[in-house]
Structure formats: structure tokens, C-alpha cells
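Same chain, two partners: chain A is paired with chain B first, then with chain C.
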Partner chain A sequence: MDKGPFVCTGCALLCDDITVDLQDNRVIGVNTACLKGVSRMKGCSSPMTCTVDGKTVDVDTAIKEAARILEEAKHPLIFGHGNSTLEAQKKSIELARELGAHIDDTSSFCQGPLVEAILNEKIPTCTLDEVRHMADVIVFWGADPSHSHPRHLSMYSYFPRGKQRQRGWEEDRTAVIIDVRRSDTAAVCGDKLYEIPVGADPEFMDALLNALASKVPKTSFNMDPKRILELANILKKAEFGVVFAGLGMTYSLDSLEPLFRLMDKLNETAKFHLIPMVGQYNMRGFDHTLFRETGHINRVYFGGEEVEHGPQRSVVELIRNNIIDAAMIIGSDPLASLPGPLAKKLSKIPLITIDPCENLTSRISKVTIPSALSGVECGGTAIRMDGVEVVLKQIIETNRLTDEKIIARIMEEI
Partner chain B sequence: MAFAVDLLARKLSIEDCPPLKEEKYRSGYEKLNDLITPVGNVTETGFLVHEDKCIGCGNCVVACPVNVVGDPEGTGSGRAPSNDKVILYIKDGIVRPVNIHECRRFGPNKTLCYACIDTCPTKAIEFV
Partner chain C sequence: MGFGQFLTEPEFKLIIVTHRDVFQNTAQENSRFGEQYAERSSVIRLDKDDMKKMGVKAGDLVVAKNASGRVVLKAESSTLEQSHPGTAFMINGPWANALVAADTGGTGVPAFKNIEVMLSRSKGEKVTSLAELI
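So, the complex of A and B:
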């Protein structure tokens, strides 16, 4: 068995310097990973069992039942994918095509718009390795990586010495936090905190645009114009700037136009890039894969004559409008993450859950099929939050099937 | 008084005072035990990790000037330790001290370095 280093699949940072201690084909110790990663790599505290209608069955029976449900459904949905390998995602898209199904992922209500803008080359981006070696101005906008991606600051964005940033964060890097509160990231990144009201991100972007154009910036929340001008000066002088866009920013933008204007303006005088703070380890991978195949990153329907895409094809609208009549959930827990009324509606249709661990959705699913924990019990490939492809290695043996094989078996049954 | 000084210097533990274990001193023993137990894992430099707060982010590991000098390609660059010259590393999601005699706060020529404390987002590290 490979001794590592291994890749942690705890979040989309995909830290690739992890070593483990093994005993009896179990991970008993994890070195260098954060608590999130340790929790993921040590495996599920409540592994999911293979069931149909709550009764334990063998995998073949569960796969046959899943195939029957999907085949009989007029409008099946395949959803999730953020915690699956690229190989499983490709298979899932293939199944959706065959079924004429709806397919969507968590980016539909997460960082999808930013990933789409990057893939369509509307926003310049860079890799995390470039950030480590070159970035001198780092903006965390609506993001708190100290909680969402614990090793973000230490591995890439702020603390490490890079090839062109040898003097360390005290002298070589400036971190700016734009957020609605004093986050824990703000607490360790010095005094450049710009606290704005909830939803005021577009207004602050416009104020910043004015400041960058040497006009007096005004805001309805009366932020001191001198502070905004000071920030504009920092951004203008950046040799290699990067904006880490969190959900705080994404959720407050009805349209990405203010962000496009700001990035264009910043790149007139400096060199600025944007990386979305993607949560699940391979959410961006699904977006890339679907984009390559259909030209869309999510919200796709294969049931028409042509591939259909749009907000009406999002998981939220499909559930709200009672369109779907069965759903297969892969590596996700929509019942826990969707708003209550939508979760309630989703729970009324037959659900198939493919996941290594038990979760709220699996508890009410008609069929549950346990899968191998990717990055631990099986290998594959994934795409990091910055768009870089990373190879995952298998650490321990398992007799559980991978997501990819489960989907392939369902396709065979259909 | 000599016992108290040695207790604070961690040369002795409260178990080394037999009279304290007598019934009539039980309340005093318990109070002293409550005071001493929370810092039981403290190192010679006074470095103490509150394991219930630490999230293993590694900011302290990467920011530590001793780690940067001793392991520039590994911890100094944000990655896993590449040699045994480091004084802080992450194991099971918690920061652990090692080679503590290399810490800037150790010995007669110690300096009051705050790199690990200042960079901790959860205030899990303190010097006692």
C-alpha cells in the first residue's frame, strides 16, 4: 500500500501533504491535516447501510430497486456530486443523459455563478500555488477561511513564505477583510477589516470603484471615505492581488456586473485575480465536467430535444414547482441544507442516496447504497477550488463499491 | 514556600506533598488540584494548547520563526514538516509541541515571541 503523502478530501483545498497511521486497515492517526480533514479521513462515525424501504438488503437488490425507481420516474433528478470523484461525476452525467433526467449540483445555490464566470473567462483567476509564491495583496470578501478552509491561510494565502514572498506575512503580504462582522480570519489578519452591512457588497464595490477613480466614495452606511480611499491605494499598488470570494459576497450579488466592473478597474492599474471559496472537495470538478460536455456548469435537463438549462432547471425550482418525481442524491445531504419547506417537499418523493455516511437525507430515503469514501477507500481525480486537477490515492481497502461503479451498475440494470 | 516555588517551577507535583493528601487538608488539596490540572500539559516554556479550541489550521506552525529557519521548504512554506527541526506540528488536527528547548522562549536568553499566539484564530494557545 502507498505510504503517501495523500490528499485530504475534507474541503476544496485538497491538501496534498497528508500522512496517516494505519492499523488493521483503519486510519488511526492523521498528520498535518486540520480537524475537518481528520474527521473525513478517519471515516464515518455512522456508516450508511444498504437498505430498501428501511430494511437491510444486499447491494444487488438496492441497485435493482434504484434502477426501477429511476426508470419509472417521468422527471428524475440526479443531484449532489460535490463529494464524488471526476470519474463518478462523468458517469452520473452519462446516466442523466440516458434517463433524460434533470441534473444539478450544490453549486446551484453556492459558488456556481463565479465558477461559470471564470470558465467563460469573464474574471481572471490564478492558482493557489501562484498565490503562495507571488500574492502580496489578499482580499477575503465575505469569506472566513479560518472556519471554512482551516489551512487556507497557513498553506497558501497568507502565512507561508513563497518564492517571491520570502520575508513572510508581516512584511510581504497585506490581507484585507471585507465582511459583515469581525470574523476569526479578520482577528489574525491585522487591522484591514472593512465591516459592511449585510447585502451592501454591490454598494461597497461601487464605492471602491469611485475610490479607484480618485473620486470621493460615498456609502449609505457612512463608512469613512478616507478608509475606502486608503483601501483603493492598497489595491492599486498590488503586484499580484487576489480576491477570495466567499458565499457572503456571492449571496449578496443579484448580478455579477458590479464584480466584473471592479475586477476590470483593478486590472487597469494592478494585477488582480479571483478564486471562489468552494466548499465541497470536488464541487468545482462537477462544474468543469458538465461545462465541458454541455456548455453549462449546472441546472441541466436532458429530457428535451436539446440540452435545456436555466434557473427553472435548478434543484430549488424543480422541487418548489413539484416537477421532479424521484431523486438520486450522491454524496450530499439536501434535506439538511435546503430551506425547510423545500426539504419537506423533497422528502415526499422516492429518494435514492449514495453516500459513505448516514445523513438526514439517507434516513428518509427509499433506497440507500453505501459507497467507498473517496480519497480514503478509493482513488480518483478531483478539481481543487482554483481549478487545478489533483490525483487522489486510495489509503485503505474496502469492499464497498465506488460511486462510479454504483452508477455504472444502475445503468446496466436500466 | 520552597514547595510552592518548586510546584510553580514544575519541579514537583502536588502528589509530592504527603500531608496534602490527609483528610483534614482535602479541601485545600482539591483547590490546588483544580488550579494545577488545567496547565498539566504545559511545556517548559509555558506553552499550553487548549485542545478543545484548536482546529489544526497550522497558522502557528507556519508562522513560528523557529520552524521557518529549521524547515524552510516544509513548514516555512506552508507544507508538512520535512525534517525533525520543527518545534510545532499538527497531529490529529491539534498542534503539538516538540523540541521545545529550541523555542525562542526557552532558556536564560529567552525572548518574548508571540508568533504562535497572534496567528491563532481560535485563541487556543497561551503561555502560562
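So, the complex of A and C:
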């Protein structure tokens, strides 16, 4: 048996230094991982069972019923993908093509715009390993990694003594945080917290632009211009700067233009990169895969003469406008993560859930098919939040099928 | 049954900002249906002065509602040092999401972190359960 180290699939940091204690083909201990990672890798307490209409069935019956639902639907949606391997994601796109279906993932209402901008080379980016070894100015913007990616600061962004940052956080690194609240990450950044009102991110970007151009930065929320000028000074001098963009920033930007302007300006005098704080372990992987195949990262419809894409093809608008008449959800829980009124609408159409664990969506699904937990019960590949491909290894045996195999079997039935 | 029961509780306009929480996430990894997940997801953290104004004490139950939904939550005092009147914080989850509007102005991205609600004291209700949400 492989002794590891293994990769944790608890979030898109994909920590690759994990060792485990096993007993009777069960993970009973997880070392090195964060709280969330330990909980993920030990497996949930409510594993999903294989059902059709709430009755326990064998997996063949469930797969046949899933195929029937998808085949009969005029506008099926395949959604989720953030907790599946690249191999499963490829298979899912193949199925969507064959069905002429809608396909989307959680990036549609998450970090999609930033991943898209990076893939289209509109924002300079770098890897987390480069951050560990080189970054001297680290900006957390609308992000709280202490909670969302608990080992972010210790593995990569702040505490490590990197090759060129041997004096670590004490002398070599400056961490800045821009946020609407004093989060636990803000506590680490000390007096470098720039507290802004909700939604004021684009305004603060423009103020910073002014400060970088040595103009007096004014804000409608009266932040002391001196403080903004101080920040501009820190950013200007960065040898290797990085902005970790959280959802707090992404949700506040109606357009990415203010961010593009800021990144361009920063790169006139310093070297600045951006990494989006992606949540689910392989959300970015789905975006890369679909982008390679269609030129779009998400929100795609294969039912037209040509591949269609746009906000009207997003999971949210498809549900809101009553377009879809069946949905297959893979490794996601839209009933928990969508706005309440949309969750209610989604629950009215036939749903198929593929997941290792029971969730809100599976409870109201017509078909549930339990799958192997990736990184524990099956291997594969995934793309980390910084775009680096990571290989996942299988740790324990299971009789549950992988997402990839389940989708392949559904395709065979269609 | 006192007279007060028939009086409407005053309502206060607030913006809810959601955020992540490692303990809630850990609980969620174990089970979406566990007590700890529900407990952490159904707390609203308010500014201390706002609480005084509303006559709400830590641990009191409050009703948050808008055109999208209505949930009963447990009010707690904010742990933040600075005051933030008019803004409340909640951990991202089905309780907060119940209040998020479906209308996105065509962008496909709901306002998960900027939710306008009316908040009032609850009258003898229980915290909304997960079952009630689905």
C-alpha cells in the first residue's frame, strides 16, 4: 500500500503533504491537514445510498433511470464538477455534448470571471510555489484564507521561509488585507487592514490608482488619504507582489475593468500577480477543461447549431427562467448554495445527484448514485487554485464507482 | 397570552454580509444534517449599538426577512472590534441563502454577500430548521 504523502481534496490548495492512519480499509487519522481537510479525508457520517424515488436500488437500476431522465428531457443541465477529477469533468462535457445539454459549474457564481481573465491572459498570475519562495508583498483582497483555505498562510503566502525570503514574515514579507470586516486573517496583517464599505472595492481600486500616480486619493467613505498613499508606496516597491482575490472582491466588481487598470498600473513599477481564491478543489480544473474544448470556462449550451455561451446559459438564469427540465448534479449541493427562491424552483424538476455524501439536493433527488471520494477512494488529476496540475492518489479500496465511471455508464445507456 | 403578542415588532433595515467559517465547513464535511452545521449557519452577528437600538441581547432570536425569504436566526454580538452599524454578518449557508434574491439583473451572479433584510425580534418562534428550508 502507498504510504503517501497524499493530496487533500478539502479545498483548492490541494495540500500534498498529507499522511494517513489506516485501519480495516478506513482512514482513521489524517496528519498535517487542516480541520476541514481532516474532516473531508475521514469521510462523512452520512454517506449517500443508491436510490430511485427514495427506494434503495442497485447501481445498474439507478444508472438506467438517470439515463432515461436525461434522454427524455428537452433541456437537461449538468452542473457541479468542482469536486470531481479532470477525468470525470472531461467525461461530463462529453455527455453534455452528446445530449445537447446545458453544462455549468460553481464558477458561474463564484470565481469564474477571474479564472477566465487569467486564461485569456488579461491578468498576470503566478504559482503558489513562486509565492512561497519569492513574494514580498501579499495582498488579501476580500479574502479570509484563515477560514476558507486554512493552510494558505503557513504553506505558501506568509509564514514560510522561502528560498529568497529566508527572513520570512518577520522581515521579508508584508501582508496587507482589504476587506469589509476585521477577519481572522486581518488579525495577522496587523495595522495593514484597509476596511472598506460593502461594495466599495472598485472605488478603492480607483483611489489606489490615484495614489499610485501620486495624486491625492479621495474616497466617498473618507478613508485617510495618507493611509492609501502609504499602501501605494508598499505596493510600488514590491519585488514580487501577489493579490489573493477572494469572493468579497469578485462579487463587488460588476466589471473587471477597475481591476485590470490597477494590475496594469502596479506592473508599471513593480511585479504584481493575481491568484483567485478558488474554493472547491477542482473548480478551476473544470474551467480549464471546458475552456480548452469550447473557448468558454462555464455556462455552455450544446443544444444549438453552435456552442452557445453567456449569462443566459448560467445555472442561475436557467433555473430562474424555467429553461431546464432535468438536472444532473455532480459533487455539488445547489439546494444549499443557491438563493432560496432558486433552490425551491430547482427542487421541482427531476434531479440526479452523484456524490459520496448525502446533501440537501440528494434528499429531494429522483435518483442518487453514490460515488468514490476523490483523493481517498479514487485517484485522478486536478488543478490547484493557481493553475498547477496535481496528481491525486487512491488511499483505500471502495466498491463505489468513480464519477467518471458513473458518467461513462450513463453514456453507455443512452 | 399578553397584549404584546398583537403588537408588531419594530423592523430595522440591515445589510447582511456572508463569509466563510472553518468550523462550519468542517461540520459540513462531516454532515450537512448535523447540529453543529445548523448552529453555526443560523447565527447573525450584529453591531453592538444596533443590538441596543433593537433591544436584542446575545442569544435572542430574530426574524430576518425580505422578498426572497424569511428565516428565524439566533442573534449574537459581533466579534469585530470596530463598529459596523447597519451591517450584520452571517456564515455562508442555506440560512443566509434563503434571503438572497433570484434576480441577478441578468448577470447570473446572485448578491450572496450583500443581502438587504428587515430584522425584528422574534416572538416565541424557533430557529428555522434545515428541514423547513428545503
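Operating definition for what follows: the second predicted complex is superposed on the first by the 414 of 414 C-alpha atoms of A that agree within 3 Å, B and C clash if a C-alpha of one lies under 4 Å from a C-alpha of the other, contacts with A are read in each partner's own complex, and residues count from 1 in each chain.
Methods note: a contact is a pair of C-beta atoms (placed from the backbone, for glycine too) under 8 Å apart; a residue touches a chain by one contact, two chains touch by 3 or more.
Every value quoted in this text rests on a predicted model; they were computed, and no experiment measured them.
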Partner chain(s) touched by A:Gly295 [first = chain B, second = chain C, both, neither]:
neither
So, does A:Gly54 touch the first partner chain B, the second partner chain C, both, or neither?
neither
In the superposed arrangement, which partner chain does A:Arg161 touch: chain B (first), chain C (second), both, or neither?
first
Applying the document's definition of touch, where does A:Arg132 land relative to chain B and chain C: first, second, both, or neither?
first
Applying the document's definition of touch, where does A:Thr19 land relative to chain B and chain C: first, second, both, or neither?
first
Please determine whether it is chain B or chain C that touches the greater number of chain A residues.
C
A:Leu153 in the overlay: touching chain B, chain C, both, or neither? Say first, second, both or neither.
first
Which partner does A:Leu35 contact after superposing on A: first (chain B), second (chain C), both, neither?
both
Name the residues of chain A shared by its contacts with chain B and its contacts with chain C.
34-36, 38-39, 146-147, 150
Taking the touch rule as given, give the residues of chain A at its contact with chain C in the complex, in rising order.
10, 34-36, 38-40, 44-46, 108-109, 144, 146-148, 150, 180-183, 195, 198-199, 247-248, 251-252, 254, 299, 311-312, 314-317, 319-320, 333, 335-343, 345, 347, 357-360, 363-364
In their complex, what parts of chain B are in touch with chain A?
54-59, 61-63, 68, 72, 76-81, 89-94, 118-122
Touching residues of chain C toward chain A in the complex: what are they?
15, 17, 19-23, 25-27, 29-34, 68-69, 80-82, 84, 87, 89, 93-94, 97-104, 106-114, 130, 133-134
Looking at the complex, which residues from chain A come into contact with chain B?
5, 17-19, 29-39, 132, 146-147, 150-151, 153-156, 159-162, 168-169, 184-185, 187-188
